[in-house]
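Here come two complexes built around chain A, the first alongside chain B, the second alongside chain C.
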Partner chain A sequence: MTDRLNAASAASQRVRSPYSNWFYLPAAIIFGTLFLLPTAASLFFSLTRWTLFDYEFIGLANFVQFFQEPFLVKGLINTLIYGVATSGLKVVLGLLIAVLLTSDVVARGYLRSVVFFPVLVSTVGVGITFTVMMHPTQGVINETLHFFGIKGPQWLSDPWLVLLSIAFVDVWKGVGLATVIYMAGIVSIPQDFYEASTIDGATGWQKFWNITLPLVRPATVTVVLLSLIGGLRSFDLIWAMTKGGPGFTSDVLASVVYKQYQAGFYGLSTAGNVVLFVLVGLIAVPLSIFFNRREIAL
Partner chain B sequence: MKRASRYWVGGLAILVSSVVFLVPFAFIVITAMKDRKAAALRELSWPTSFHLWDNIMEVVKTRDYMLITALVNSTILTVASVTLLVITGAMVGFVMQRRPSIWTSVANFLVLAGLIIPPAVVPTIWVMQSLGIFKTLHGMVLIEVAYGLSFSIILFRAFVATIPRELDEAAIIDGAGPLTLFFGIVLPLLRPVVVTLVVVQSVAIFNDFTNPLYYLPGNQNATVQLTLYNFQSQFNTSFNLLFTNILLITIPPLIIFVFFNRQIVAGMTAGAVKG
Partner chain C sequence: MTLRLTRRVTLIGAGALMLSTALVGAAQAETTLTFLVDNADASVAWAQQLVTDFEAKNPDIKISIETRPGGTDGDNIVKTRLATGEMTDIFNYNAGSLFQAINPVQNLVDLNAEPWEADVLDSFKSVVTAPDGHVYGAPFGAAMGGGVLYNKKIYADLGLQVPKDWATFMANSEKVKAAGKTGVIQSFADSWTAQLFVLGDYFNVQAAIPDFAAQYTANKIKIADTPAALRGFQHGKEVFDAGLLNADASAATLDDALRQLATGEGAHYPMLTFAISNIQANYPDNLNDVGFFALPGDKASSNGVTVWMPSAVYIAKTSKHQDEAKKFVAFLASVPGCDAITKANGATGPYLIKGCTLPATVPAGVADLLPYFQSNGTTAPALEFVSPVKGPNLSQITVEVNSGIRSPEDGAALYDEDVKKQAQQLGLPGW
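So, the complex of A and B:
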């Protein structure tokens, strides 16, 4: 009797929990249908020749094609270069600017606003603006260089330079975010460390190298992971500036996916998506595990 | 930093940052003010005659007032997506923080997956087509919600932790059910983080180019970012109009930046310090 009573009250308590698991439902439905289901389906459809209405199972043929066609391989390599270049530059420049902006330099508010504002501007707009400014003969950049007697490079038509030019614009647009993340990290370092090191006679460089750099680690982790994941998936800036050209020299995985989709090769496009997924996973997951482990060890 | 170096380092920083970060914006504004011929020179020179208003009128009229349609579409898309993101994200963040269970770990894993995994494009179109929401604005809203949920949940879960449980308990003793508790007590207390999320996600969704390109094709449905892309070929020889368009769609983020600078930075650096 008491057992049944207890069970009943326990059951009613579970039902009446003020934190209802039903609250997961709306988010779960949207996320499940439009994100999880397509992701799971992509694993299957990447193995098919697919027209949306009909599919034919062809095994790994799409992936074989992906690693044999030179322009698809080029896209894969470019993705890696682009991701590493943008995130590396954002870490270095972001940290330098953040150190400057957390010192007692004049006009900090102005500087922070100027550096951060591009983060909020339309990527396509930025892409078009820089495409016009990077015109080899009539663009503002090369005309300025010409004024100083320097012959500017062909930013967007030199096959060796084009990807780095776009990466540069990406850094221009994104370094503000890295900067504010680093600023938050630097501000949270206790001042005592700096005061103690001043008493011990440390130079500015020693303070930076031995105090700031190790203690902004969490911010570095965030900046590296955010910009790597963003850089590897990057599409809109590249598409607005060169559409992957000239030739295929600035194609990345995301633009390959779009081109194959436009051309109607849905299976191949989906295979590209899976390759991108695996690439991002292979880089981001070990990196975050590695970073987090180091942090616990500290 | 010594007194003197404080000034010359600052001066140098102002000079460099102005050249690097302000010149592109100056170029946009100046080109938008020129007539077609002067703009075609792509020079960073002060316009000899001003045509900003004419340019605006012409851009607005292009393709049967496409920019106005696009502005309406973008506004609906942004407002609807952000509203849904706040409600659904806050509900999940709330329960995740308050009631650890098997679902918490599942949700944690899915949140991370949502942050890392690039969306599978064609399968998503396939799913949307079978549901009849491909090429529709409400379908696009749901896509933005699905892609923004992870960020929203992380932000809300962290903030719910700062609301004392005693408040919940008091409300429960007063007879509040789960819905009253959440919508009546907790959600109003989440206001600071709601503002942050609204600002950050509004900018992101308003500026989103890739997803509307895939899931919302067609001139009737164009969003402002797509007008820019569509006009790019049409205005190939009229840089004045192209840059007027860029100028026009930069204004909403600029307004948000001026009024909500602090919230944006707070939202974007959330979790950065603790990792």
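So, the complex of A and C:
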């Protein structure tokens, strides 16, 4: 026993783990085959014209082609609009609902579960349901409007409205999560602040503006980050509701790339994914550094 | 060896199928083949009836049917399964330009030497012929016309005549609208249906420019710069601008549109004639209210129909039961094969196998289609069967043009860009 210990320390002065490096192997194999290898392969295939059956090396032509795609600019703008709109609405609505649901409202527990319920439903199911409800002539929304003598718009086929309609559904589905995060934030604010301000004669609005809002900032950061990233990479709801249509009016980056895969332009769409990877990195990394710094400051 | 023997015997005797069954089948134990078809109602019904009839004659072969989605999702599945060697023994897939994109020489079993090839019409063989000059598929279904399905009752009530030129078509539609019904039905929720004004107009394009397809394949002609080719895009816009569309055009599906047409809510629906089988299945009482005419062009003197070939059935090279699979394809390409298809879903158009006949009574729409085939110079194959160049985004572009979001000229220019990618992907010269 002592011999072996002595031998080990004599063999190396370095600090050594008592475990062999071979223990890394299973994880390395899984990481390598499922992550590194496909990443390297996709970098390679993004430089080729690829039919799945064979490929031809064409250098950077795919990237040139991708940036010339007429739908790319539209998709980029739509992605940004969608990300900002859903994220903004979730912050505002989530906070308001959370304030309501942390007050002494009737049937609070029931209301809390009602608000959270849409989060649990399948996105595609929600998309299909709302597509039916937003049908221009037979949908329940426009039939209701018609009952009051209003001619409802073409929710999902008016090119100016379609993206906002989908964003609305996204907010309806996702606001529950924002609410829960905000409720946790509000509940963790010490009651002393409110009591002290009540003694000083503060109104409800003043309490909200000067106590609640500043002190739920960590929750706001979380909600903004989560919903912005979710909005930027959104695909499933849009695909379920309009497939990017009518025409290309509700296309986002992910659906542009997906359509290129469908069309069989495998090299081009792989190049698109490489671009998407870089873009999301460019947005997400500075954001997370910025917010992390703020969190330390707080 | 068996193959050549079978072929010689067939040449001598008439009953090709029975003999080859007797020669090869008797010696074998039971085999199960897999058959991948698209999930359209008609395709599944045809496949089931074909399999039932085939199994009755070949008790030693069982076939199990799998389904896949149609459209671009289906393209992806077929390509992926072929590339990974996971394809079923037999499968159906488009003929023409999409067939060229699945690399037939590398992935499919060469059917050039099959005895039944002599019975397949040349017009179909040409759309399943690979670059090596060999034939790789057999027709799955009947030829279709692309044009306008119309409601005969509305036409009778309003005393309208079948239009031979575009101006009359528009005038008819206006009269229908004035009578309180939908002039032209569109169904943009199934975006592929929006392409008919463009694709169905190809008879008129090739009437004006006979070598359009060759020039188009060689990248010597652009749609946006060619007035005759641009007309299809403009037609969609004209119909929209005239306010002839159904109120729910943007959200209607193919089924919605066929309901409106069959029940007389609307008069015209640009569509392929295969949809008549949907009407037969869902609105049998209205089947004979629906007629068909070719999409009219500028001149009444030149009026003919753009023809779509049916999809084809192919055998994957990875199949371990190629001999049995060939027997099924031989059955498909025989008179009993056509009869099985008729039995499954009624007649939808002329078959592409010699000797196949249609029943004495066919739906009114099909009866309207047949005369185009019986005279000379009144049919032309759709562009996708005479040129491998077909862009993937035409359906979205036509939805935008037909619903007034984009101008026809802009849409055509966008489509010219779109086909460039496809041509480059296929490695065509001149792109």
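The rule is short, and it goes like this: the second predicted complex is superposed on the first by the 248 of 298 C-alpha atoms of A that agree within 3 Å, B and C clash if a C-alpha of one lies under 4 Å from a C-alpha of the other, contacts with A are read in each partner's own complex, and residues count from 1 in each chain.
Rule of thumb we're sticking to: a contact is a pair of C-beta atoms (placed from the backbone, for glycine too) under 8 Å apart; a residue touches a chain by one contact, two chains touch by 3 or more.
Everything quoted here is computed from the prediction, not taken from an experiment.
In the superposed model, A:Phe248 makes contact with chain C only, not with chain B.
In the overlay built on the shared chain, the residue A:Trp172 is in contact with chain B alone; chain C does not reach it. In the superposed model, A:Ile150 lies in contact with neither chain B nor chain C. By the touch criterion defined above, A:Ala196 lies against neither chain B nor chain C after alignment on the C-alpha atoms of chain A. In the superposed model, A:Ile289 makes contact with neither chain B nor chain C.
In the superposed pair of complexes, A:Leu52 makes contact with chain B and with chain C alike. Using the contact criterion defined above for the overlaid structures, shared-chain residue A:Ala219 touches chain B, although it does not reach chain C.
When the shared chain is aligned, no partner comes close enough to touch A:Val278: not chain B, not chain C. After overlaying the two complexes on the shared chain, residue contacts for A:Pro70 are found with chain C alone; chain B is out of touch. Annotation for chain A, partner touching more residues between chain B and chain C: B. Put simply, chain A uses residues 52, 135, 138-139, 261 to touch chain B in one complex and chain C in the other.
Within the complex, the chain B residues that touch chain A are 1, 6-7, 9-11, 13-14, 17-18, 20-24, 27-28, 31, 41-44, 84, 87-89, 91-92, 94-95, 98-99, 101, 103, 107, 110, 114-129, 131, 142-143, 145-147, 149, 153, 168, 172, 176-178, 181-182, 203, 207, 209-210, 213-214, 224-225, 228-229, 232, 239, 242-243, 246, 249-250, 253-254, 256-257, 261, 264-265, 268-269, 271-275. The residues of chain A lying in touch with chain C in their complex are 49, 51-54, 56, 65, 70-71, 131, 135-139, 154, 156-157, 159, 243-249, 259, 261-265, 268.
Interface residues of chain C facing chain A in the complex, by the touch rule stated above, are 72-73, 75-76, 79-80, 82-83, 101, 103, 106-107, 188, 191, 247-248, 250-251, 392-393, 396-397, 399-400, 403, 405-406, 414, 417, 421-422, 424-425, 427. Those residues of chain A lying in contact with chain B across their complex are 17-24, 26-27, 30-31, 33-39, 41-42, 45, 50, 52, 100, 103-107, 110-111, 113-126, 128-130, 132-133, 135, 138-140, 143, 172, 177, 180-181, 183-185, 188, 217-219, 221-223, 229, 232-233, 235-236, 239-240, 254, 257-258, 261, 266, 269-270, 273-274, 276-277, 280-281, 284-285, 291-292, 295.
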